[in-house]
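Chain nomenclature is as follows: A, B, C and D, assigned in order of appearance, with residue numbering initiated at 1 for each chain independently.
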């Protein structure tokens, strides 16, 4: 059974220095509040795993939380580059960042293998690309047809963190809309934190509704707007101006540092953070 | 990016519209954000109302009324016939060979349509760290055919890629078969200057079409290798009024997005 | 795009003698109407594939449609034996039946591989059982950990047939509730027939709603109660008395033959069949 | 099957209730239809209200108010916390090691808890063709522990299986490890006569408990091998009033099922 708890306590209890942590959400339901809390608690040497290390990982990498990044596409979605990610890779600031790079299909296959209790997954992929020289894949031969395919190792992060729309009072979790790899991330991980928009008495059927039973979740934390500036289908819209503003904030090390100090270290939780950036409805630039 | 020329449309608009024209009615198209998404929606709103747009976020049959801001825009979920998980979209839909057309962009492209979106410079110490492969490597492998849309410049059209992210026609004829790739690979590269297609024999990209007002010399100067040119080249039909209005109306929707 | 068509025409056009046909539905949404139509059209030498060859395959096997059965559990669910299946295996009546036998997990993995365009799937299974000597499995070694696992060959039936609650006017299909392996069966097959309870203007969100786009379906046929005596969640209840009555009908070859002649060959479609067995609400024994 | 004896309950009722007692609060139990489902629901309605029932039809956390008639009964879907596909229930839930307890029945069981549900006689020309493995082979492999519930008779308790469908403790100690099985296998076999458990050293099934009114001789006569008997044997606690009422109320729901 999941504990209904404060996000601060959940991160303190479940995320340790050196852990492999997967914060998932495919441009939708990105768990920003949890990422901020990890920055606030100054976790270090994390392996950050995620298909799309967008603004959330840019913040965590720039803040020095990450030693390693396992990913398939690192950009500011719809805007451009992730400047902190680039600065870490290109210039080693604030520290060198080891990369383990895959394709989306490869990462998805790895999570599926991890969620299925298998040590590897099989796909048609990578063949002929330079990715193969830089990442862990192996050729695997179909024992029935003799065809050569690609094997990728399972992902089993220490902690998976996702944001969802609802939990019920027993700690079951429901998310809907674009569901990305969240179910697989949760089921592949050793420990699971879920932030939710709200607790409801009963779940309603929803398009692409995904329910995660309480007994595979360690902590459920109520954090309204906890995926801001991404969105929670049915609750909020993407704050596109923030993504655009981030391009300017993250371009400059000093400006970035000030932003992190003021808005993350200078606040105690996500509600205060949201107030500190001026609430949800202000122009960002 | 390019100003509206005296012909009344920009070269980016021509590129997007030329890409839109490549989609046929009822085709299933795997779309990335940016120009591919815009082009696919122009096609849907003009000559191909039943084109099926699949986004890697798992939305199948999306019919957005405004341009999505990201690959996982809520507008895609709300207008889709079905939403599935990311593992499913890659395994059951792309890998299984259900995608007719894949749209790719490129930071670098070589004469055989191989694409780099990973790094400029050395992988370990890159000059520019690009986003990486994302969905592209398997789109390039599995889609029945691939359309590349990319602005033409010597920095982008290079003899030798710094990194091969998505496979075109490596080594020319037989290259894809040798790798066991099931899709036919890039059949067309649409730029802001014209259109390139693989030579039927060598599979090297050949300039076959020039957009209005563009010369062969301009195209050659924007290509980092000795560009082969078809003779005669075709001139691209300029945007029709309907195409241009549809495109501009779509672009305008970005302003009223959340 | 799927054709909205008559079930008779769909079976005539899409199911041929000698085909591998998968009628799926995990005790829910079992496509009985389609199975009956295959009997009525006297298809022969079929390979019948299905996790749970329950009463529907008992009828098809007894009627002589099947040369081969690919399956994982053959019983009358909640009642007992499938007498026609047993008679075919034990006594070769009406003809010998070749068996390709797996576990549910293996069959599910095979459909997933087929739906994914892979030639095989991997699972932890079969090891130590006698199934391995009687069916196609191979040992496969994880190239990363060295661990030995089991590979099973993909399923790619010629035709998949499922029953669903709804189609929309473009031929998209929606089913909900217990969804079994239907999506995988559909996506693994070369041709697809779907029978539905009704056509609706718009789909509603439903618990475990599964939507199958029109462009992967060949024929959609409206057949109300088309899964009787199984059920369609939201439309009908299981006719348990029929399952119990079937035990008596199928026990005896002559009684079975009379039943097939009278109720299937003696009727032209499923609506007439339902009337011939006395409608939906009568005691069966 | 067995008439109510002078003790006021049938031997099948005793068997079902003894099985129910084996489930502990909060455990996740993979349930098959028939006695396992009845036992699991008795447990849920008595001492283990938060036991999580998982059915192979993909229903997780089902809380049926009447006994399901089949593994895919609509009642399971309506009362479940979540419904998932059959591929998912086997891959993400059973294979991944999330199941605490698996319940198996048996047509034949051998002294090491190996189970046959496939054929009696030769596989190619069976005397009795049984349903087959279904979910059982992987439940036997992956559940943290397995409970077998089966009526005891010399036809069922056999020295040598006609077919090994689901693996118990083949060859005794180390047998499961050698096969790479992750679950601990059968820890208890509950019959209408008593309870057998693997000997800690040899893993051979030993009669440890006798139900009320059953003698060692009866149990031996119902076993097709030289049955080992613990000394002293324990006597099963007869059904409590609550257990029996709960069980009978559940059984009565079969009558008002659709």
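Methods note: a contact is a pair of C-beta atoms (placed from the backbone, for glycine too) under 8 Å apart; a residue touches a chain by one contact, two chains touch by 3 or more.
What you see is a predicted model; the values in this text were computed from it and never measured.
Common neighbours of chain A and chain D (chains touching each): C.
Chain pairs A-B and B-C differ in how many C-beta pairs they share in contact, with the greater number at A-B.
Inter-chain spacing, taken between the CA centroids of chain B and chain D, is 58 Å.
Computed centre separation for the pair chain A/chain B is 28 angstrom, with centres defined by C-alpha atoms. Centres computed as Cα averages put chain A at a distance of 40 Å from chain C. Residue positions of chain D with contacts to 2 or more other chains are 82, 91, 95, 142, 182. Annotation for chain C: residues touching 2 or more other chains are 112, 117-118, 123-124, 147, 183-184, 207-208.
By the definition of touch given earlier, these chain pairs are in contact: A-B, A-C, A-D, B-C, C-D.
Those residues of chain C that touch chain D in the complex are listed here as 26-28, 51-52, 71-75, 77-78, 81-82, 85-86, 89-90, 101-105, 108-109, 111-112, 123-131, 134, 147-148, 177-181, 183-184, 207-208, 210, 231, 233, 237-240, 243.
Across the complex, chain D meets chain C through its residues 33-34, 56-59, 68-74, 76-77, 82-87, 90-91, 94-95, 118, 123, 125-129, 131-138, 141-142, 163-167, 170, 175-176, 179-182, 257-258. Note for the complex: chain C touches chain A at residues 117-124, 136, 138-140, 142-145, 147, 149, 151, 153, 176, 204-209.
The part of chain B that touches chain C in the complex is made up of residues 26, 28, 50, 52, 60-61, 81-82, 91-92, 95-98, 142, 182. Those residues of chain A that touch chain D in the complex are listed here as 1, 112, 115-118, 172, 183-184, 187, 211-216.
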